[in-house]
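Following this line, the structures themselves.
Here chain A shows up in two complexes: once beside chain B, once beside chain C.
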Partner chain A sequence: MTSLLVRLQLTTWRRDPRLLGLLTAMALLLTLASSWATADDVARRTAQQQAATSARAEWLERGADHPHRRAHYGDFVFRPAGSLARLDRGVQAQLGKVLRIEAHRQGTPLFSDASQAGTVARFARPDAAFLLQLVVPLLLIFLGATGLAADRDAGRLKLALIQGASARTVARGHFLALWGLGLSLLALVVAASLGTSTALDGFTTLAWERLAGFMLVHALFLAIVSAAVVAAALWARSARSALLVLLAIWVVATAVLPRAMGSTANTLYPLPSQDAFQAAMQASREAGPDGHNPEDEAIEQRKQEVLDEYGVTSVKDLPIDFGGIAMQMDEDFGNEVWDTHHGELQAQFERQGELMTLAALVNPFQAIDHISMAITGTDLAHDLDFQAQAERYRRGLVHALNHEHAYGGPKERGASWEATPDFFAGLDAFEYAPPRWGAAIQHRTKELWSLVVWTFLALLAIRRGAARLERSQRPC
Partner chain B sequence: MLSLALPFELRSLLRNRVGITAVLAYIVIGSVAIAMGARHVSAWEHALDEAKQAQEASVAEASGYFESGKPGPEDRSWVDLSKPRWQNEYAATRVVRDPGPLAGIAAGSIDPAPVAFQLRSRADPLAVAGYRIENPEVASGSVDLVFVLTMLTPLLIGVLGLEIGGRDREERIDRLVIVQAGEVRGWLVARVVAVTTIASTAVATVCLAAALVGGAGFSASATLLGMALGYTILWGGLLLVVAAGAPTVRVGAFGFGALWTVLCVLLPATVAEIGVGRTAADFAIGETLDARAQQWSAYDQDAEVRVQALYARFPELQELPAGLEEMLAPGLSRHTYKASQLERLEARHSARLQQEADARQFATRASWLSPPIALTVALERVAGVGPEAASAYRSHVVEAFTDRLHWIVVQAWTLEPLDQGTFEDLVAEGPAPFRWRPIGLASPAAALLVWLLAGWLFAMFRLVRTERRFGMGAETSRDRSS
Partner chain C sequence: MLQASSVTRRFGTLTAVQDLDLSVAPGELFCLLGANGAGKTTTINLFLGFLTPDSGTVTVGGIEPSVDPKGARRQLAYISENVALYTQLTGLENIRLFCQMGGRRLDDHTLQALLDRSGLSPAQMNRRVSNYSKGMRQKVGLAIAYARETGALLLDEPLSGLDPAAASDFCSELARLRADGAAVLMTTHDLFRAKELAGTIGIMRAGRMVEVVDASTIGAHDLERLYLHHMRAPTELGSAT
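Moving on to the complex of A and B:
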């Protein structure tokens, strides 16, 4: 009986030219958006790799150099795209793409897509996740509210019940038809992306486990939407009121609530301005050693210790270059300052994130958004991980350069001494290793559980709505 | 008709819980957006205050050295306030950017420039982030008045006028109207005008409140109000387009929902896809790797080549004492890099301006495609917040920075030690604060006007055609089934 009802629903959609047109348009839109986003992602990855290769080539081409001079010459780190950014770009457009790596200072990633694209960057971009999380639910709402509720308005539901079908079976049929449609569109999105990937980069960059996770959570989300639509149709007095209620929920859940919560998070846990943050860092740094200041007290004290250690009375008698040690002292203190200030900033990010997670518990649209971004590697956690790895790279690089500055080269070297090109070539270039997807999803377990609970609640609402319908507590 | 329709719609609104809730919700969300905007402006002003305090502290420190006859701090023997480089450092001049009275309305916009920039001789005016540190997961969901006006105003009109046309036909009210008035279109137009008037009152309320909170003048307030009301009337026309042909409320709701989804969600998203997609593969190689290569190649240049480049840029230096000497005076060598520094800055700035002009042109063209884009572009330009205002401020900074480097070089070439008087003059003669003047409003305003006229004309055409086709009232689902 259930399969018969599903087939009946599918036939109804196929026979109505307006609905068929809408479904065809939606399928085309999804295919186009998914393919476009995939092609865009492939182009971005290629450009990122080219930029990183060019940076490495420039690093190597400089040849022999003084290590500290090279530390100021620095390096550039180019942000790679998220593992599955072709399906969900997440917050990638708001993040700076290039980070300057240099001695004495931690940079801010600059040149985000949003800052370069002008006013239009204010609007969301239509990738697969955008369509699956916003537009497909809207389609399911229209189809669902004009399906079961319309059957009831027109008396077809009564006819089915008289013929022996239970209300629960009817509701199940409508739910499965809607969910099946949602799953078909999900499969279409993934197939379009895989097809484009095959044509452009042959899956070389595809993260299969993340893809499976993406499909699984979206399947769950579409089940919630389908069940909620059927439940609303069962509980509402008419098709019109079901449609109105569902549309109102959609607008509030997708447009109003996330923004309202975002603004609340910013109000409750305000972030410092860029100027204030930099000024606070500067003030903290001024309290510590300055590697470029030969009269600095802390540096002077360390110098004396080193002189004592080597049993000499003058820096020029040292078999090493004290400058490298002074620079590393400066660097170590700067790192502590950065860890303190950036740690506080990150803690504030986390507080904001916790509030957004709370909102996601009551809003499945936000929950799926958070989980999807985590799976595809395009959320804030991945951004912070990238920045942490870039900072570790900076520290490692500067430390190696300072060590060479202090201990490399002959004992009697002059001011014009330069380390060999082989030394610089031996320093590894930055390579970002994204966190394992299990670790990435770990901080989204609350949202995952909320989706499970929402699925249960929506199915329960269908069950009880169907029972009420059967007991004729609702008009049918 | 309007005299009948307006009281009718007002009565309906008072009896309709959904309608009255929608109006109240709109005003409440609008008020929240205004409050968020005021908070944004307050944070902006706070950042300016902090910059001002930092500058004053630096100036006070320098004055202390002058008064005690010291060249600078004791633990930094190389600092010498008689030199232009250090006078500039301690003047700590900030080029500030004052918020406009309506800056709060576009608080959610992406604004990639600071609100204060210190004119340090080795600073890079182009390599700076926006003044806000933002959590990207939170920032992409801010409520500001631009969002309320562009996205929620159409929904308000939709909720208030969802039943117009469809309900009239379902319940055969249209037949009754035709019997009494001879035609139904006047009644439908009057109902839509009444709904638009009610929505416009809500829109005007939040706009005037925003203008009042920001302390905007008549011109800015009128521009905001004009744009917002024009947009509301435009959506009234689109509601009439749907109402003209809706046989039932359900079809009307579906039609208006589809229209809102296409115009407010899908088209802006498509435009964003194309606009942002153009920069996605741009890793700013020109501003990073290329600029660094040029910078370091300048360090390797022969001193004489650098001096000639400097004189080519600032010919008046050759007439100053250092320029008249055969050999470059000691200590001046560091300034010879400034010609190439400015040359690189100008080249990068020019490339950036070109990119920004392209983005601006794209946004202006996209305005014709969808009214929400047109209103967003117009309101960002009115507010002085967003990428275009950031670009204009950056140009202002580059100009001030160039002037300051010129001042440093000229002072250095005089070979005279500078005194406290010169320092005080330098502090007093800082660059003027940047104040955004709304520009480029004509195109989005024209786009809104064209949409408005086209919407209403098409709606009237559709009404006339529907009446002609079916003689009297439009076809209903009941007619079809019979």
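Moving on to the complex of A and C:
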């Protein structure tokens, strides 16, 4: 019986020219969006790889150099696109993707796509996740209103029940038809992405386990939407009211609630502006040692300790270059200042994130958004992880340069001494290692549970709605 | 076969059916007359098990639809004023679908014979229902009812909107069903068809059965006079759908 009803729905959609046109347009849109986003992602990765190679080549081409000069010359590291950014760009477009690495200075990534794309970027996010999370649900809502809800209005459901079909079986058939359609569109999106990947980069950059996770959670989300659509058809007084209720929920869940919660989070846990953050950092740093100022008290004190340690009275008699030690002192203090200020900033991010997670518990549209971005590696957590790894790399690099500055080379070196090209070549280039997807999803377990609970509730609503019809507690 | 004893059904403060007594035996056709809101459709829905009586008892072949709706519906066929079909399917596909919903898998030959019996030509039965007239839809509804081979038939204003020829064909089929022993309960506004078809005629007003007459004992004009008399009498109760 269930398969009969599923086939009935498929036949109806196939034979209705308006619905067939709508479904064809949706399939084309999804295919194009997925292929376009994949091609864009492959191009970005290639460009990022080329930029990283070019920056490394420049680093090596400078040859012999003084370590501290090189520390100021610095390097660039590039935030790679999320593992599955071709399906969900997440918040990447708003985040910077180039980070300058140099001594004495920590920074945040610059040159976001949004900052360089003008106002059009505000409206352009045609990736697969956007369509699957917002547009496909709208399609399912519309089809639901022309399906079971319309059957109720027209009296076809009544005739079906009189024939002997159970309301539960009818509801199950409609649910499976809608969900099956949603899964087909999901499969289409993934197939389009895989096809484009095959043509452009031969899967070399595809994260299969993340892809499986992406499909699984979206399948669960589409089950919630399909079940909600059928439940609304069973509980609402008419197809029109079912459609209105579902559209109202869609608007609130996709537009009103996320923005309201975002504003609330910003009000409760405000973030400093970039200027204010840098000014606060600068103010804190001024209280510490300045490696470039020979009259700095802390540097002077440390110099005396080093002189005592080596049993000499002048830095000229030291077998090392005290400048490297002074620079590392400056660097260590700068790191502490960064850890304090950036730690506070990150704590605010986390507080905001917790509030948004709470919102996601009651809003499956936000829950799937958070989970999808975590799985595809395009959420804020991945960006912060990139920043943390880049900062660790910066500290390691600057420490190595300062150490070479202090202890490298012959004891009797002059002011024009330079470290060898081999030394600089021996310093590894930055390579970002994204967290394993299990770890990435770990901080989204609440949202995952939320999806599971919503699935259960939506199916329960169908079961109870059908039972009400069966028990003749409401006319159908 | 169809029995209602002291049945009352309210919707909030509105009493849709009050103290209704009604009985339709096998081979009998009972016509319910009444203005819109008299309680005719509510009565049909009580027999179908889509409404539960607030008091009194409704039974179909001894089964209470409110207790065992599926059991009661197994003994019923139903045709509404507008037979609800899937417009993207053909007439033949519709009857096959509704039979399968009832767990009956009939071959195409049998289904075509049922549609033919209800007056649908082979060319018509293979056209999509979206191209059907109301009369053709009613014929498919009748064929679905035939296929159920039930002892009772509920008809909710089935003649409404049919052209005279289609109405005449439909009434001929009803007469055949009645002759075959089916218990038929039909609501209608058509006094003359009621007089022509029914064995018993009941007149409802504001949820009450105000008159029950043997159709063989009354002429068409007397029936009209009686009907208008009841409709024009001062009302005491509200009306129902």
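Note that in this section the second predicted complex is superposed on the first by the 475 of 476 C-alpha atoms of A that agree within 3 Å, B and C clash if a C-alpha of one lies under 4 Å from a C-alpha of the other, contacts with A are read in each partner's own complex, and residues count from 1 in each chain.
Assume a contact is a pair of C-beta atoms (placed from the backbone, for glycine too) under 8 Å apart; a residue touches a chain by one contact, two chains touch by 3 or more.
All values reported here derive from a predicted model rather than from experimental measurement.
By the document's definition of touching, of the two partners only chain B reaches A:Asp40; chain C does not.
When the shared chain is aligned, no partner comes close enough to touch A:His174: not chain B, not chain C. Once the two complexes are laid over each other on the shared chain, residue contacts for A:Asp379 go to chain B alone; chain C is not touched.
After overlaying the two complexes on the shared chain, residue contacts for A:Ala279 are found with chain B alone; chain C is out of touch.
Looking at the shared chain after the overlay, A:Arg444 reaches neither chain B nor chain C. In the superposition on chain A, contact is made by A:Leu243 with chain B only, not with chain C.
Of the two partner chains, chain C is the only one touched by A:Met1; chain B is not. The wider contact with chain A, measured as residues touched, comes from B rather than the other of chain B and chain C. On chain A, the patch touched by chain B and the patch touched by chain C do not overlap at any residue. Partner chain B is touched in their complex by these residues of chain A: 29, 33, 36-37, 40, 43-44, 46-48, 51, 54-55, 58, 62, 73-74, 76, 78, 91, 93-98, 100, 108, 110-126, 130, 134-135, 138, 142, 146, 150, 239-240, 243-244, 247, 251, 255-256, 258-263, 265-267, 270-277, 279, 293, 295-297, 345, 349, 352-353, 356, 370, 373, 379-380, 383. Chain B contributes residues 18, 29, 32, 36, 39, 43, 46-47, 50-51, 54, 75-77, 108-110, 112, 114-116, 127-143, 147, 151-152, 155, 162, 249-250, 253-254, 257, 261, 265-266, 268-285, 287-289, 292-293, 296, 355-356, 359-360, 362-363, 366, 373, 376-377, 380, 386-388, 390 to its touches with chain A in the complex. Here chain A touches chain C in the complex through residues 1, 4, 8, 11-12, 15-16, 151, 154-156, 158-166, 470-473, 475-476, going by the rule given at the top.
Of all the residues in chain C, the ones that touch chain A in their complex are 45, 48-52, 65-66, 69-70, 73-74, 76-78, 80, 82-86, 88-89, 97-103, 128, 144, 148.
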